Amino acid sequence: MTAPIPPTLDEQERMVEAMLFASAAPMGLAELGARMPVGSDPARAVAALQRRYEGRGVRVVRVNEAWAFRTAPDLAFLMQRDVVETRRLSRAAIETLAIVAYHQPVTRAEIEEIRGVAVSRGTLDQLLEMEWIRLGRRRMTPGRPVTFIVTEQFLDQFGLETARDLPGLKELREAGLLDSRPAPGGPATPEGEPPDDQAQWTED
Amino acid sequence: MRDLPEGVSDRLAAEALIVDVDGYEGPLDLLLTLSRAQKVDLRRISVLELAEQYLAFVERAKLLRIELAADYLVMAAWLAFLKSRLLLPPDPAERGPSAEDMADHLAWQLERLQAMRDRAAALMARDQKGRDVFPRGEPEAVIQHRRSVYSASLIDLMRAYARLRTKDEFRPFVMDREHVFTMEQALERMREMLGYLGEWGDLHDWLPSGWDTHPMRRRSATASHFAAVLEMAKRGQIDLRQGQTFGPIQIRKKE
Amino acid sequence: MTAPIPPTLDEQERMVEAMLFASAAPMGLAELGARMPVGSDPARAVAALQRRYEGRGVRVVRVNEAWAFRTAPDLAFLMQRDVVETRRLSRAAIETLAIVAYHQPVTRAEIEEIRGVAVSRGTLDQLLEMEWIRLGRRRMTPGRPVTFIVTEQFLDQFGLETARDLPGLKELREAGLLDSRPAPGGPATPEGEPPDDQAQWTED
């Protein structure tokens, strides 16, 4: 048996185009490659496709390690009728989401320390249910608290390629605002829970 | 720095603070609001001045007989302590953190909270899926061909035979609860699966592995999952359909 | 008020592209036109878009009086996926298979006698379908029952030249295989799978 000749790059681009068009959710290179003929190079095909759609009414966008077609943002006005009314998030939920995104992996106690108030159960539940955050690994600290991280759906929702592309992440880090500093004897944490700062270092 | 108009609006804001304690999400939120009155970068804020403002706020609340929540009072006590430490010359005999360290930490906490609020607002202002950019409205289904390959090794075969030839006929009576998949379990499980139920798919394909070969287990799992998806459909979490009587039951996540 | 300048044909094409992509159903010209700026010509824009997608992985097709994106017919094969699952044989199947291998040719009644429980029709069917066992000659006894024997594929699968190469009871004992404790949770029970002979007591 001889190895079949892989399709041309043009053909591969057509295939990736068809598959990404057919899917509402982003597709990874492995997933694309699994359906393509042996010897295909989905990464090159996606790159070529992305160039082809530059400036068009739909674009090829990256979501983490996956790819999807999305309409160009400047044409949003045409789609206003298709807008699905989403539940309005409370201020607590929006802030909690931002804290998880910028401080992930972050424990509930840490979120409470940053906001200065207890996080109500409903807030985290709502974000979990929307699949914008999910559980990360447990902290290797006493009590082994769960941590929260943002999901691929979150990146997809806000048009971010990776969690590293969060706007202003670098500035916040340089300003020391993402550090965890133990309080020097203040009423810093609600319910007197100690911030488990070292955890980030022991885990990664 | 935020540009608040001078004079009247400042006084109005200060009065509003008194009445509207419920509008604040705890003492840190209130401190952040008060800090705006200083009209300086949060990095150069005077914590002493802030402490005085906060304590004045608590005093006024007391005069108006407004019940303050415990955490506001804890913060007041701590700020009073900090204020006295900041005003007095440092006592070399005293241990623990210096007043400056404590003040710095509070300023840093306020700066961090403000930064998170700014980032949260910026995040919500981004182009969002379903509002500014849109996915394919009519995704095409991918047909799945399922094929099972069974595996067994020679050692499995020999062990099975060995077991048969030395079989102990006696078996104590136990309740076979291990073959029962409860509806609670099924509901819990399907709830976790919810994120994966994008396209129409047969309910049968969602049965847990290890529960689909053995007849008793399959029956129990099928019944409990059926009941679970009915419940989920009732809650509006999923759609259910069945093409014909006794046809396969299909489910998908509600949009 | 002066009439606004209608967008260029290129711009109109982008708009139609985005709308057809995001729409949950095919869209008619009137519907497209209603969302586009005044002075637009949806018919021309659709025609231009259709030409642009000629030969691509997706095409602009007419569905009744409306337009929609569809996968190019030659790429339909990409919209299918083969899922191959490897499963362990059930305990009933592996025991039945062992009995056929060691005792062939063997009748169903004999298998049941050795196993001490009824053999379900499904178990034999499964082994027949996998082509690990097949029908042998009928027994010259009353009722002329069918017998089962193992196949070439079975020998291939288990790396045996003939079924006589299977180790005997004495060798099994010497290999320590006969010392294994019998029944529930025995070594041959695959992970998480219950020993199912009890079930057959209640079932058959």
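Every chain is named by a letter (A, B and C) in the order it is written, and numbering of its residues begins at 1.
Just so we're on the same page, a contact is a pair of C-beta atoms (placed from the backbone, for glycine too) under 8 Å apart; a residue touches a chain by one contact, two chains touch by 3 or more.
Just so it is clear, the model here is predicted, and its values are computed rather than measured.
Please indicate the chain closest to the centre of the assembly, with centres calculated from CA atoms only.
A
Farthest chain from chain B, comparing Cα centres?
Greatest centre separation from chain B goes to chain C.
Whole-Å distance, chain B centre to chain C centre, using C-alpha means?
Centres of chain B and chain C (C-alpha means) sit 36 Å apart.
Which integer distance in Å separates the CA centroid of chain A from that of chain C?
Roughly 32 Å separates the two chain centres.
Could you state the distance in Å from the CA-based centre of chain A to that of chain B?
Chain A and chain B have C-alpha centres separated by 15 Å.
Could you say which residues in chain B touch two or more other chains, in rising order?
Touching at least two other chains: 134-137, 140, 142.
Which chain C residues touch at least two other chains?
Counting only residues that touch two or more other chains, chain C contributes 18, 21-24, 69, 71, 79-81.
Any idea which chain B residues touch chain C in the complex?
134-138, 140-154, 156-169, 171, 176, 178-179, 210, 213-217
With touch defined as at the start, can you tell me which chain A residues reach chain C in the complex?
Contacts found on chain A: 13-19, 21-22, 34-36, 56-58, 69, 71-72, 75, 78-79, 81-82.
Would you mind writing out the residues of chain B in touch with chain A in their complex?
25-29, 71, 74-75, 78, 82, 96-98, 101-102, 105-106, 108-109, 111-113, 115-117, 119-124, 126-137, 139-140, 142, 195, 198, 255
Quick one: in the complex, what on chain A touches chain B?
21-25, 61, 68-73, 76, 79, 82-84, 86, 89, 91-92, 94-95, 97-99, 101-102, 114-117, 131, 156-160, 166-168, 172, 175-177, 181, 183-188, 190
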